[in-house]
Amino acid sequence: MSIKETIDFRKQVVEEVLELYPEKAKKNRRQHITIKENNECASCAVKSNSKTVPGLMTARGCAYAGAKGVVWGPVKDCTHISHGPVGCGYYSWANRRNLADGEIGVDNFVPFLFTSDFQESDIIYGGDKKLEKIIEEVVGLFPNTKGVSVLSECPVGLIGDDIESVSRRMSEKIKLPVIPVRCEGFRGISQSLGHHIANDAIRDHLIGKGPGREVGPYDVGIIGDYNIGGDAWASKKILEEIGLNVVNIWTGDSTIEMLQNGHLVKLNLIHCYRSMNYMARHMEETYGTPWLEFNFFGPTKVRESILKIAAMFDDSIMEKAKAVIEKYEAEMQKVIDIYRPRLEGKKVMLYVGGLRPRHVVGAYEDLGMEVIGTGYEFAHGEDYDKSMANLKDGTLIYDDVTAIEIEEFVSKLKPDLVGSGIKEKYVFEKMGLPFRQMHSWDYSGPYHGYQGFPIFARDMDMAVNSPTWKAVKAPWAK
Amino acid sequence: MSIKETIDFRKQVVEEVLELYPEKAKKNRRQHITIKENNECASCAVKSNSKTVPGLMTARGCAYAGAKGVVWGPVKDCTHISHGPVGCGYYSWANRRNLADGEIGVDNFVPFLFTSDFQESDIIYGGDKKLEKIIEEVVGLFPNTKGVSVLSECPVGLIGDDIESVSRRMSEKIKLPVIPVRCEGFRGISQSLGHHIANDAIRDHLIGKGPGREVGPYDVGIIGDYNIGGDAWASKKILEEIGLNVVNIWTGDSTIEMLQNGHLVKLNLIHCYRSMNYMARHMEETYGTPWLEFNFFGPTKVRESILKIAAMFDDSIMEKAKAVIEKYEAEMQKVIDIYRPRLEGKKVMLYVGGLRPRHVVGAYEDLGMEVIGTGYEFAHGEDYDKSMANLKDGTLIYDDVTAIEIEEFVSKLKPDLVGSGIKEKYVFEKMGLPFRQMHSWDYSGPYHGYQGFPIFARDMDMAVNSPTWKAVKAPWAK
Amino acid sequence: MEACTKVTKEWLNSMEYRELNFAREKLVINPAKACQPLGALLCSLGIEGCLPFVHGSQGCAAYFRSTLSRHFREPVAAVSDSMTEDSAVFGGQSNFIEGLRNAYAVYKPKVISVFTSCMAEVIGDDIKSYLGNAKEQDAIPRDLAVALANTPSFKGSHITGYDSTVKSLIECLAKPRQEDTINDRLYVVPGFDTYPANLREYKRLLKEMNAPFTLLPDHSDVLDAPNLGTYELYPGGTPISEMNEALNAKSYLMLQAYSTSTTSKYLKGKGVPVETIPMPIGLSGTDNFIQAIAKFTGKEVPEEITIERGRAVDAMTDCHQYIHGKKFALFGDPDILIGLVSFLLEMGGEPVHIVCTNSTVPFKKAMEKLLSSSPYGQGATLYPGKDLWHLRSLLVTEPVDMLIGDGHGKYAARDANIPLIRVGIPIYDRVNLHRYPIVGYSGVINLITMIVNTFLDEIDRASTDTYFELMR
Amino acid sequence: MEACTKVTKEWLNSMEYRELNFAREKLVINPAKACQPLGALLCSLGIEGCLPFVHGSQGCAAYFRSTLSRHFREPVAAVSDSMTEDSAVFGGQSNFIEGLRNAYAVYKPKVISVFTSCMAEVIGDDIKSYLGNAKEQDAIPRDLAVALANTPSFKGSHITGYDSTVKSLIECLAKPRQEDTINDRLYVVPGFDTYPANLREYKRLLKEMNAPFTLLPDHSDVLDAPNLGTYELYPGGTPISEMNEALNAKSYLMLQAYSTSTTSKYLKGKGVPVETIPMPIGLSGTDNFIQAIAKFTGKEVPEEITIERGRAVDAMTDCHQYIHGKKFALFGDPDILIGLVSFLLEMGGEPVHIVCTNSTVPFKKAMEKLLSSSPYGQGATLYPGKDLWHLRSLLVTEPVDMLIGDGHGKYAARDANIPLIRVGIPIYDRVNLHRYPIVGYSGVINLITMIVNTFLDEIDRASTDTYFELMR
């Protein structure tokens, strides 16, 4: 098919799928789907960051998920209280793969669930007193904790509890930051507001309030790397090899101090723009800390990013940067030599959150694969704008895609690989389609940097070429 | 029932069981079964060490089993070649539990099968040349081996191979003892001849031919402890605590040197009289090394044995012996206090080999249990004579008992526990009867000495009182 | 906080810490319970053509779906009406009605199972009247079956939500009971059970016993669906026709006591005979189940069942020595704990610590009665309402040989250096376990296999060359 | 022998040692094969009312019985005629006849399966004429069925003995084939298979497919007998009536190629149609089996089978990432190796070392063909005739991730610091494994469960706190 035919076909597919909806829903959803054509303005073409249509199966989570699950969860030396009923904390307990160095229970509280386990009486009488007691208890049992975050769940906001004043009081009492995070799940329309709320809490309660530190000439921070499967460490490795000094990571393997000192770097490097751009901007505006977006997925993007980063420093850094690129690109070429022949021309459809729907495109292209559809769970307009340059004409773009849409799109566009989340995974598996979880790397990883690319390549090959897909149809099936 | 009634009942049971046989078999088997009464001469009452009746299921093994499986197998720094077809070596590979200290493959060759894997051509052309090559190869691959034993299987004897001359030649060549052991399975009528043949090989090829050593005043050897589950170590522990110095064990965790120096002790202590009395006698006759039979099963017998052993040495030993007894008997009493109430009055039937049919009786009695039937697989007359003192009137005694006999005896005498071997175990299990393997301790152990008795007691309790036996009958079964 | 300096794993492992830990009153750390709607979803998945519908925040639905998908490695469908701030102010009716309209249009369910999450409960949404209005407005057909369950997360746990939803689905779908319409079927309610293989095992045994039955709900074909190359939204479940007759059941058999009490009460109120037996884990548990069926059919237990039982007994006698006298810690839901403890006692195993976060008073009594019935239960303590951080303290101060519970137990087991046998939900880090029944006679064999072979693995791993034996 | 000083585990682990080890010509160390009569016994146990009878030394019988009892944890009956030195001189006839007389009198078998051990073979006993004489002398009834198999231990291995005994039992029991007496049944010969659960799985699938069949032999009720409180000497096996009709089979399906070749040849010689397929391990292996049955019945594959297959596929797709690209070493009998390798290739697993002590030329060709058919087989080497000491050298010099084979492999696996998945015989150190099929679609799931969960155990064990994750 020519590009034109492809575009027409895909447009027709979109129309067919929209036909499944009642009128109002159809109108709404049409605004969220487009086909890339002539590099038009993406944010005009795709509506985003708006309410999900009730009753259509969305992959989106809530503000609590964004605040606790994404931003606060990886702060390892802080105890995070899921304040409210047991469920939210339970479902987000130890199932984001933000690895952390440290002894569990001693100085690493990541794989814990601290909950106030609201009962009916707490709803009736309020939970503030309980929260006070809980903060006391958590500090007593975990005296190494460097702070306490209070992540409120829906009922807290609805019953009018004042966690801010409890936090203020308790912070004075225990002489540690106690950070109220008003991330009730009903706030906003996706986890995105949760990121923002979480960021605001960092801004209001931590940043600039720490012990401070001398800023070395090569000190940098990584912003928006959640260390999924060790991603942040893989990124750090590169930055350190080119002569930079990574002093903070927000938030993967993070400490309270890293949040307090986030601005005390020469440069902040932001990977997941969506979840933390507020903070990069804030640090720039308030403290003059410059920031730069980068992409460490796949050697092509890694090279571009390294050069861009090095250019912010002196020649010695640039020299090392080039040496690092040279050293690793030879290795990466070997990886490509193995896997590209097995993956060349394979088509991919993505549906993920944060940065991935655009950031991983280059890595696929390094393997000769083509992304023919992509979309974000909780993007804002600028995410789509940023995406466009990375996508080919004809790419199907969908925002907050519903389950039925993505199922139909995949059935009709017939990609060789789908990359999305756990809720989507087994739907496509049942269709006999190769799939990788692109939130959790399917429990593999890291995928970032030079360390990650060979693993990424191996995993994509394994997914696409697993002989198990050939087994799906019984030999006697018609 | 009175003793008299019991005896009459059991006699009747014996007659009933014998009725199952054709005339000739009945006549034969009747001679092997008796009921203890008035301490009559046992060897007159029970015929033993005679041919098994063809076609009746016997538990007996063969000469190879006695020579390789029992005597030679535990010599850890010697490579043992199962010479002939693959089977005999295969079936006896690593399944007697004679533990050995040492690194497997470096200086411990116990859990190995070295076989000449006879093929048809070896039967036709003879295996002597092959054997030569094999000995060369085994020494090349295991240069730490301190000797090589050649354990012949049936075909070797039948085709007229001369393993003696091969062994002589190769011994000179490799400058290590190469010991031919003519233990073809067809020789004799049970594993007993295998023990004897194995002993003779030790006598002819090793004893007195080693480096020699100074004999200390408290040096003793343990003879006939195969270190099942660490038994020999448990025995050694006691002997060392009373001030003796255990320099040899035959054969459990043994070395070639221990066999060479078996006579170089002040006293040989024999546990399994049946399998090694020849050697104790030989060392006494040839080298003047005295020997003493002992029994380390259960605190009563341990005490008797310790005192008997200590009496052979000076007062310092006797003093320590008494201290040891005092120390451990307190511990043993605690064990008895726990288990005796759970086991008091329980009846046991045994059918084992070697020393156990008589040696373990005391240990059961220490737990308040009564042995109501016992028998040997491959005893000689003197074994029955030695047994009598340990048995109560009315005890059913059976030699080389057949499967059908022991099944019937157990069905009719209804013991609470049966102790026998793997071939019997599951027959009784299916009858819903508690059972312990008394060859291998059911993979538990050790059972010897003070270390072993608590384990023995626990195991017997577990067997007798396991709630699983109550589960056998379905609640709806009639 | 001068204590700072002393924080080490050793301190965490101390009796001092245990006391501090058990002294806490309000903080809950690593609880072994989820919230009501998770159970509501599990239940809803077990009805033919049923679309689960969360009235509340969409984040809740995402969490429930992820949890079950991770555990079962299966697709899990559920919609929500995506309530947000404006619903908090104006109530959730407009989301509810639009949600029903869209969900029905797209997914054409035979029944919609609505259950609530916190938000709707806190603001006091009247879903019954909303539903009336939705039909009034023709958002959905007037005859569409829509079950309504209130499942607030701040009351009970996942098993409570399961119970309420079994009830709501029967209420919604079943025709009234009438003397002349009573059918000949035994309706079997498995309870909150995350083993599709358990449900299949129940069905197999019921079939073998020639009992006319309905398993209600039945997620086995949904959460253990074949891969045939197509995605089915509704791959199985209790047939609607049998749901319609649910109040006309000859009688009910409840296979869990603590996740079916609301339903039982409701059914009894409708005049339906209900029998409740403990979850059929272990031999005597299964015997009870078989006998309950035999009582229902009035026929003798078929020989094939007796033989099957005999094979389980054979495994028990074969393996008793590996479990007898071993010490166990367990955690989980009340019903599964009763079953597992009963099984261990049958094998001579000794439960020591039993942690049940979602304990109830009747459960506590039943567990204590069970423990006191066996010599092997004398050393056990039930810790009602405690969590896995309490459990950790127990394990490191009073060691046992093995922990049995869901995957969350892996941290405590590791700190105590003992193996974890994974039973329950979630199990995210092992595969296929939900494909093996832990109930019935096969369940007896499976539990023995898991427990014993794990012990034997440990022995081999701990053995030096000297003790590294071919036989165990 | 100056080498003495250098003997360390390191040396044993060196490439130098590997070369020395592979240079040996005559010495066999830790072979993965037993001798013929073991297979003869296994076969004989699978016939209704059949008493196994070893013509030879009683020690042989004791060894065979112990081996099987240890592995299955079941009683194993066999008599011998206890030949001793005098038989060596005068021949075994008198023992043979007296043995038959006593065995028949005591055990009242429906058939006696005589097989020989070395001694009788070396001295050249003519058991056929002995049997004639025994009947002549009325030691046993003249019409008693007595099968005779020559099973010398110095030829072939346990699988050869199995084959010869299947043949001898058919020869002895089957009425001649006649055009008008041909029945409608598919006779299925499982081959040397130590999984009663495999045999049950075959029967279940055959039943599900509505194929009239006879499994010949069938030890499933003998080596996985229920515990009902009584000991049964003859708890099951292929019915004698079906043995009588064995030559009148519509056709035969052999489920192993290398343990049934003599039987196949014999049957073909009698004009019986015979089809041989690889042991149905793995998905495509099972597909073959199902298709062979469908071909026989002429009916379509029932939907329930397709669904069952779909569940196995689901487990495969769920779990492929844990096996794909992993390196495996395997050892065992030819047929099981073909099956296991086929399964691994289907999962993207990479066999590397394949050791088959009892290899044959046709097997070598078949294995090489199988390996070359898959990209995942390219790195594999088959080592025909090699033993487990060779395997040890391979494992320590060319490491793999996992070893698959019987319990004897535990030493090599330990030295190589990799897990052993126990498949085959003997397995003395784990329980119940013979109760789980490794064939059929359930076998696919079982193999995946064992392999993947073992890998996941290893990952957890090797992980520091940092990498100790709830999800895998």
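As written, the chain order gives the labels A, B, C and D, with residue 1 at the start of each chain.
By our rule, a residue touches a chain if its C-beta (ideal position, glycine included) is under 8 Å from a C-beta of that chain, and two chains touch if they have at least 3 such contacts.
This is a predicted model, so every value here is computed, not measured.
Note on connectivity: the fewest steps through touching chains from chain A to chain B is 2.
Using mean Cα coordinates as chain centres, the one most removed from chain D is A. The greater number of contacting C-beta pairs, out of the two interfaces B-C and A-C, is seen for A-C.
With centres set at the average Cα position, the gap from chain A to chain D is 52 Å.
Note: centroid distance chain B to chain D, computed from Cα atoms, is 32 Å. Shown for chain D are the residues that touch two or more other chains, namely 70, 73, 225, 227-228, 306, 309-310, 313-314, 316-318, 408, 411, 428, 468-472.
Counting only residues that touch two or more partner chains, chain B has 93-95, 103-104, 111, 429-430, 432, 472, 477.
According to the touch criterion at the top of this document, the contacting chain pairs are A-C, A-D, B-C, B-D, C-D.
Those residues of chain D whose C-beta lies close enough to touch chain A in the complex are 283-284, 287, 290-291, 294, 300-301, 306, 309-310, 313-314, 316-318, 320-321, 324-325, 345-348, 374, 376, 465-472.
Residues 1, 3-4, 6-9, 12, 17, 20-21, 24-31, 33-38, 53, 56-60, 62-67, 69-70, 73-85, 87-88, 95-96, 98-107, 117-119, 122-123, 152-155, 157, 225, 227-232, 389, 408, 411, 415, 428 of chain D are the ones that touch chain B when the two sit in their complex. By the touch criterion stated above, chain B contacts chain C in their complex at residues 93-95, 97, 99-104, 108, 111, 429-430, 432, 440, 442-444, 458-459, 462-463, 465-469, 471-472, 474-477.
By the touch rule above, chain D contacts chain C in their complex via residues 70, 73, 224-228, 306-311, 313-319, 322, 407-408, 410-411, 414, 426, 428-433, 435-436, 445, 448-449, 452-453, 456-457, 460, 468-472. Those residues of chain B lying in contact with chain D across their complex are 20-22, 24-25, 51-65, 81, 84-88, 90-95, 103-107, 111-120, 122-123, 130, 133-134, 137-144, 153-155, 157-159, 174-175, 185-189, 191, 402-404, 407, 421-423, 425-432, 472-473, 477.
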